[in-house]
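Take a look at the structures listed below.
One chain, subunit A, links the two complexes that follow: it is found with subunit B in the first and with subunit C in the second.
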Partner chain A sequence: MASPNKLVDHLPRDFRKVALGAILVRMAMYWCLPGLVEVLQQRIEWVTPLTSYKRLTEGLFLYRSGIDPYDGNQYFQPALYLPLFQTLAWFPTVVTFAFFVLLDVLVAWQLYQLALTKFGRRDSSSFAEDQNLKVTPAAVAACYLWNPLTILSTLSQATSLVNTLAVVCALRHGLQGQRSYAMVWLAVATYISFYPVMLLVPLVFMSSGNQPLQLGNLVPCLKVFALTMVTLLSASYLLTLSPQLLSSTYGVIFTVTDLTPNLGVFWYFFIEMFDHFRAFFLIAFQLHTFIFAVPISIRFRHQPLFASILLLGIITLFKSYPSVSDMVLYLALLPLYHEIFKYMRYSFLLVNAMIYALVLAPLFWHLWIYQGSGNANFFYAATLVYAAFQIFLIIDLTQSQLRRDLERDCPAVRSKILMQE
Partner chain B sequence: MRFLCPLSITLLGWGLAESSSFPSTSLESDRFTEKLLINPLTTDKVLAHFDFTITSRWHTPEGQEPHHYRLFPRLIGQIIEKFGIREFHLSIGQGRWDYDSWGYPVEPSTSPSLELWTRLETGDDMEDRWQGFTNALSGLFCASLNFVDNTTTSSPLLSFRSPSQLQKLLQDKAEHPTTPEATSPTPSELRHTFLAREGVCTENLTPWIKLLPCQAKSGLTTLLNTYRLFDSSYHSMSIHVHRTCLGESCSKEVWRMRQTLTTVTDRLRLPRQSPALLDTLFDRSLKNTCPLADQSTISVLVPTEGNTFTLQSKPSSWSKAIPIPERKVALFDLKSLVTPNQSFDIDITWPNTWDAHGLSRSSIPLVMHRYVTGQGLERNGLEVHLENRHTQDIPVVYLDTLPWYLNVYFHTLRLEAQPLSAAQQPQVLARANTTTVEPTEMYLQPSHDHGRPAVMEIRFTIPAQSLVTLSVDFDKMFLKYTEHPPDANRGLNVGSAILTAALVSPSTVTPCDYQGLLHPEEQLWRHVRTTTESATVPEVCLTRLYSELFLVSLPTPDFSMPYNVIAFTCTVLAFFFGSMFNSLSRGYVVLSREDVQNTTESPGTAGNTSQKNGDTPVSKSDQKKSQ
Partner chain C sequence: MDNKYLKRLRRTEKIQTVLAKVQQHISLLSYILLVVAFLWLLTFPSIYYSKKTYISENALLPNQAILQYETHQAQSAYQHMHALQAHQSSEQALRYVQRVLEETGLRTETQSFNYTDPLSGRLRTGNNLHGIMYAPQGDTTEALVLAAEWSSGDGLLDDIHQQHEEGGIRRNINGVAQLLSLAQHFRTLNHWSKDLIFLVVEQGQIGAEMWLRGYHGNDYPYAAPIRLRSGAIQGALALDLPAGESYSGLGAFFAGKNGQLPNLDLLNILARITQKLDVPWTLQHITRRTAPLLSAHRQDISDTGNWGMLWQHYCDATRTLVGTMSAQASGITVGIHGPFHRFRIDAVTLQAQVATAEDPISMRFHFAEVGKVVESTFHSLSNLLEHFHQSFFFYLLPSPWQYISIADFSPPILIMAAALLCSALASWWAATEEDSTDASSSTEDSKHEDSVLFDRAEKQFTRRITTYLAFWSKFPQVQRLLWTCYGGLGTVLYLLPWALANWCGTMTDSCTLQDNASWWLWGSVSIVVGGLAVLGSQCPPQCDTRLLRTCVLLIVMLATTAVSVMNFSLALVLALLLCPPMVFLPTGHSASTISSATVGGCQLRRMVLTVWLMIISPPMLVYFMHRFTALPLPQLLGRILVEYDLFGAWIYPLIGFVYWPTLVLALIILWR
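After this line comes the complex of A and B, so read on.
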């Protein structure tokens, strides 16, 4: 077992610099701006009922008091968080925060590895002139760690960070061809928030070296995935012995019983929905999310990592309880595909729409909830802008990748304007 | 929880009446007493409390005797038999009981809403029976009790235990098992509910009066003038039905039904000021008594302070049995005083300058106030101030039931005490004196979405001369637009918090004193006030205090928006689906010049060519190069 010092020495120098600065900034903000931390912990843009640290604390309190945490209206998070955070709760609160910072650095490290693997590959999809674009793995890690949204997300102590780490680990191991690890991490991510199950097919493609999908590849993957899921769920059950384990976690994700506003499209729709259509639209909305897993995996079967990024975007857009923390994850993965940025047509519009939505949402929220001079429609409008921004981003990314595919196939058409048929 | 019958100790004001020593004849037949208690509380406020009690043995535990209703109303008898009710207490009130200047009420329940608590015999169909029972009462009293469902019902573990158990509980430091009481022969379970939005009206009073043997035809009920009753500062009507037993060894079990009506009237606001007390208060006078009543009395509590009140009518007797602080009790036995064809009234001279603005604050040992903290529609909190002005520690049980749409964070529950002297000081100094109070026992029940309410029941001791602040955070939930009440922006009422306390030798009038006055023949409480100095056993009065209601305004959606929201959101979804489908199902191909010309000329495929979102048409030079 290597000592911590040795471990740090093993880290590349550029990553060390990026990470150390990020840790210092986070800790400094935690110490100097306790008010900000408190506000962020309850901002609906950053935390949802499924990732709220305050609700986790409540769950822990109930668990410690001998009350089933799922037998209530507060705790919808995975059962295995309970022993994890209970251990952390033995120490001063700063240790819990340090844990979140550590998770952040681990995510960045996985991104670094991911970038190293991807940039290291010189496959058919890379062009000679791409070498001119100097994006180093450390820059990818920095794009994540130094993104102001990430910093705020860490300060909010949203437990979705664990989910982010699991997803990134799954992608990294997938890309490196370590099938079992990838599946285990995917199962962890699925266990936490369920939606990452959509990444199953791209990960199978990825980890089997872009071979065509065969039963021989799929079955062992599914075996590992299912085994991990069963282990995690049974461990959760043994831990809580709660009959409401599934209904209070996945039940809430699917049926959207907690209508606390967030940046997604579900909350206002289901507040305003007529009772007799509720079930129909719930099924329609959830299917609409999951259905994209298949066509995107097929269309981008040769770039499963890109398919994963698109799917993560769709999850962020259409999951029942999205937050900025989810967006941070797929924004962090985009620098891996920096080569398609030049094909994007709406970059200016996108950046503006994002800033617009992220500024207006808290403003309109304040007008509605505190000021009383606005109503729910104001905040709803901001979430629509946010949704529109993400839609444009996802569509634009897809189009750019398709355009690049064409240029790879027909080098003669590079930098020409084309029609789609 | 079980019903407790055979113990001879009892605590008053408690609804549970136990062993009594009736004349032996009363064992054979029903017994009815009507009583009125009048107590001037402050210069202007007068308390009038009616108490009608029927004791009946229409039902024996063995069930051997045929049912025979004499005075006990058959309506009630059938309901409690059908639904297996061992005990129920219903009270409907309006107005706030001002503990700070009026002291304690005669009946503990002062909730300005509807409160019902019941012990149901344990069985399989308890939920159905509870529903059936509330619906039956709803029909009987014209109240909205049919709205009682699992979202408003709770089963507190400590607060509503039998008095003897509570007494033990409150004076004990140890935790108590939550198992049902083991002494009762048939186990029963408690159901408690508040309907915080219930308004009281004559339509509730009329069926209430109809249950009385003499209805409103004769006796004290003729004083019930609805114009005056509902024009008061506070009024509350209640009905208590429970079993009790007679005889030394509790050999005979009887049913007792107590109907009470309390009003606090603003005397100075009344149109007519005359020495005739009943005429002033009720605008009626008494012409007869109920012939079915075994006892018919009026007790007037005359303030002794300064001897400024003078009672001109001569009372039948001055009661000495129960010494009441600052009051002497004049008893009027109506059976002997009221003669036919002559209206009876009590003449009293009100002092012009009675400077009593209520009781002195320090004499009221325990006061509770509840506030909502925070601003905005998102996150709020509760803060409860429990003020112990007594020189002794007071053990209490705090019970609060919060509806499911308030998401309570139990981990934020804080119990902090500071000396009363420090509470007056500036915040900074007061904070330095704050200590945490350790609860002895705590039962927390998290709420269910659209289901049971959140319940917290905390047993702790309030140190002498100190202010205990209980605080807890809650989030307001977002309801579907169909779940809001029609006047959504008014907010939703939340029922009172209940504080159960054992007051040790209080220096003010307690419910126990009042009850002792109303039912002196029953040895209903162990803590009879003794005038002798040699009393070693401290007098304890168990009572319940009710806090104010509060109103939560929940964040509302725009109620006119359903169609718009459905249209907008579905447009966003459809837009994404369309664009994605477009991108995924079609690809870029390189066209030759001829192909381009063909497609632009043919009208049928024109739509396809213009699909390239906003791109300029393919230039010919491009096409040449691409070839």
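After this line comes the complex of A and C, so read on.
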């Protein structure tokens, strides 16, 4: 084991600069603005019932008292969080926050590695103009660490950060061709929030060097994935011995039993729903989310990293308990594909829609919950703006990538296609 | 090349020419939208634009109960009035009120509070007293409040100022006396289904806020908690009866803090009750010279003599709208109902107008009629089955009998936002489409039409790439400027008064409000001027003002629309002040295209806009407000700060973080 000092020395200088500043900003905000932290921990835009740190402390308390943590219908997070955060709880609370900051930096480091791999492997048929805009791996890390949304997300101490780290690690190892690492990390992400299972096929493509999908590639991957999942789940069961282990985690994700409003599309619909239609629409909604994995994995089989980004966008949009922290992960991966930005047609609209959604959501929430002059429809309208922004972003990214592929593969049609806009 | 494809190319070409036309004339479009918005606003006071009010909550049943507050009961109010006049000190008066309430059989509690004025650092102390009458037929889960403060009129005014104006503090002895007699009267009635809380507060709105915080259990360092409580408060009336032999009118003051309004149903039942009881009813004492409903005139416009009537209505409605909307925008209004709205309690202050010699005897009234109005209103409120809801919180009132709903009053502000968007797009396109002129010059080569089209498409593509790269080369500087201005300058402006108060507290003991106010005013002006000078000189020459202008306009648009959902009046003021100069701001230019030829024509425009921006700068606005409201400047500034510090109104941070930095950036764009 290398000593910490040596480890820091190994980090590239540009990354160190970015990370150090980010750590300082986060710690300073934590010390100077305790009110902001407290508010953020309860904002439904940042924190969902599945990622709330407050609910985690509730689960911890039950766990420590020897009661099933899933009793009381408050704690819906994976059981393995409990020993982890219990260890942290021995120290002052700032240590827990420092742990979140550390996770953030680790995510940034994985992004750095991801960018290094991706930019190093530039395909020969790239256009000359791709090279003009210099995006360094450190810039990609900075885009994540210095994004104001990321900073607020860290301050809210949403436990989705662990999920973010797992996904980014899986992508990095996948891109570097380390198949079993990628599968282990994917299994961890799946264990935490289940939706990342959609990334399975793109990751298999990625880690096997873009070879066509064969049983020979798929089976070992699935083996590792299944083995890790089984290990994690059985460890969870041994830890809690809770019969509600599955129903309180995946059950809540799938059947949306906690209807706390969030930025997603589920809560409003299922508040209004008659009970006898509930099962049908649940299946329809969830199937609708997962079905996207198939066409995207097929269409972008030669760019599995891009397929993963799109799927993360779909997850952010359609998962049952989305929050801004999901969007942060998705936005952090976009600079990896900066070469398609110039094909994007709605960038002006997209930036504005995002800002409006993020400003209107707390305003309408205030009108509804505190002031009482508005109602649920107000906030739902804001979530629709948010969803529209996500949809436009996904559509725009997809068409940009397809356009770029076409132009690269058949330069002759380049101008013809251009005219069709 | 097949024919079908060429056809498609031609069609897209056509679409693009149309698009180009739109791009060319987008500034004109923004001017037109601005004019449309202004004209639309002018239709608001028209009788044809607003709808008749109606009572949406059927349970309220106004005017259904037989009223029992008669002259006999009013006699007790006179007795209390005389007794209170005899007690000179506020301590004695408070004891008297407490004794009367307890003799009536109510449990009472006194709450003391102190609040440090943020600007002067002065301590304001006071005592609130309330008594609770538990409902004979209820389960004490809901309550109604009848409140009065000791001083009449504007409770937040500084005492010195009031003495200066009136030759002594205007006391609301009549209001407290009326409250006591009503408490005694309500005690004899046995059909209340909600608890009745009788509240007497000191220090006006500050006292009311402290009482509400204590009642709702907010642990707040200034206010002591209240132990004697009832259930959730459903509605509140505040009485403000200035000293006088008789009254000639009852005015409703209803605008709350940060643009909150009470449910329209509360105002509707009051309008109906006062009409039945023949009590002249106004909004904020703005008199009306036309019949309340004007139904006949509405149907028959061609009637001769009708036009004069309509014009009169239009003028009255304009005055009412301006009065009520400026109260909503600023939060500066008479009465102690304001803080109640923040706790989801619908409240109104009823202020009586003292009759003068000109008022006819038949129109005059005193305790008996006011008592009847309150009794009838409380009957209706007691009927409420659930909290006021009915989506009746967004309205504008051109008269007590007409309202403009949200669907009708929001279009002008949305149109203004659209004007800003068009204007922003104009400079966005100007900034991103650099060399589009040479593309059109090559069209004369008509013999190979398709190849020309392809050439153009190719050019378009390369242009897109160059503009994309150009954008990324220009944007960081613009972004830095925006952060410094909105973030840095905004924070400094925002924190200045607190820093001043802090500094004053440590340096000297004898800091007056006047000193601090002038320090604040001159300090912020010099900070802004300094910031302008620094930013103007430090602004790198290659900074693209067109991009900067786009961002600033979008920020103004965001601020206006976001504020409009919370406080429409404030958003309208913001839009009216900022939109025209922002839209008329020249589209800007890149550093390379500054030519001396165009400067001559622009100079006049620049001068006019600069003067315009100076006129709408916050110090000038404060001065205008001072002239308009006749409040002394220090009090006005202190008031704006209290509104934010205690009541959470947005007007102060809005000025610091958005309004002033926007003006600074506009000047930079203008003179760059």
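The definition used in the following text is that the second predicted complex is superposed on the first by the 409 of 421 C-alpha atoms of A that agree within 3 Å, B and C clash if a C-alpha of one lies under 4 Å from a C-alpha of the other, contacts with A are read in each partner's own complex, and residues count from 1 in each chain.
To be clear about the criterion, a contact is a pair of C-beta atoms (placed from the backbone, for glycine too) under 8 Å apart; a residue touches a chain by one contact, two chains touch by 3 or more.
Quantities reported herein were computed from a predicted structural model and do not represent experimental measurements.
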Name the chain, either subunit B or subunit C, that contacts more residues of subunit A. B
When the two structures are overlaid on chain A, which partner does A:I296 contact: first (subunit B), second (subunit C), both, or neither? first
Looking at A:F341, would you say it contacts subunit B, subunit C, both, or neither? Reply first, second, both or neither. second
Which partner chains sit in contact with A:L215 here, subunit B, subunit C, both or neither? Use first/second/both/neither. neither
In the superposed arrangement, does A:C410 touch subunit B (first), subunit C (second), both or neither? first
A:K54 in the overlay: touching subunit B, subunit C, both, or neither? Say first, second, both or neither. first
Quick one: is A:N375 in contact with subunit B, with subunit C, with both, or with neither? Answer first, second, both or neither. both
Which holds for A:L287: it touches subunit B only (first), subunit C only (second), both, or neither? neither
Quick check on my understanding: which residues of subunit A belong to both its subunit B contact set and its subunit C contact set? 370, 375, 416, 418-421
Interface with subunit C, subunit A side, in the complex: residues 129, 132-133, 341-342, 348, 352, 355-356, 359-360, 363-364, 366-367, 370-375, 378, 414-416, 418-421
Subunit B contact footprint on subunit A (complex, rising order): 42, 54, 57-58, 60-62, 65, 67, 71-74, 257-261, 265, 267-275, 285, 288, 292, 295-296, 299, 317-318, 345, 368-370, 375-377, 380, 384, 387-388, 391, 394-395, 398-399, 402-403, 405-406, 410, 412-413, 416-421
Of all residues in subunit B, which touch subunit A in the complex? 375-379, 404, 407, 409-411, 442, 444-449, 454, 475, 477-482, 555-558, 561-562, 565-566, 568-569, 572-573, 575-577, 579-581, 583-591, 608-609, 611-612, 614-619, 622, 625-626
Under the definition above, what is the set of subunit C residues touching subunit A in their complex? 5, 8-9, 12-13, 260-261, 342, 344, 387, 389, 391, 393-394, 425, 428, 453-454, 457-458, 460-461, 464-465, 468-469, 472, 554, 558, 561-562, 565-566
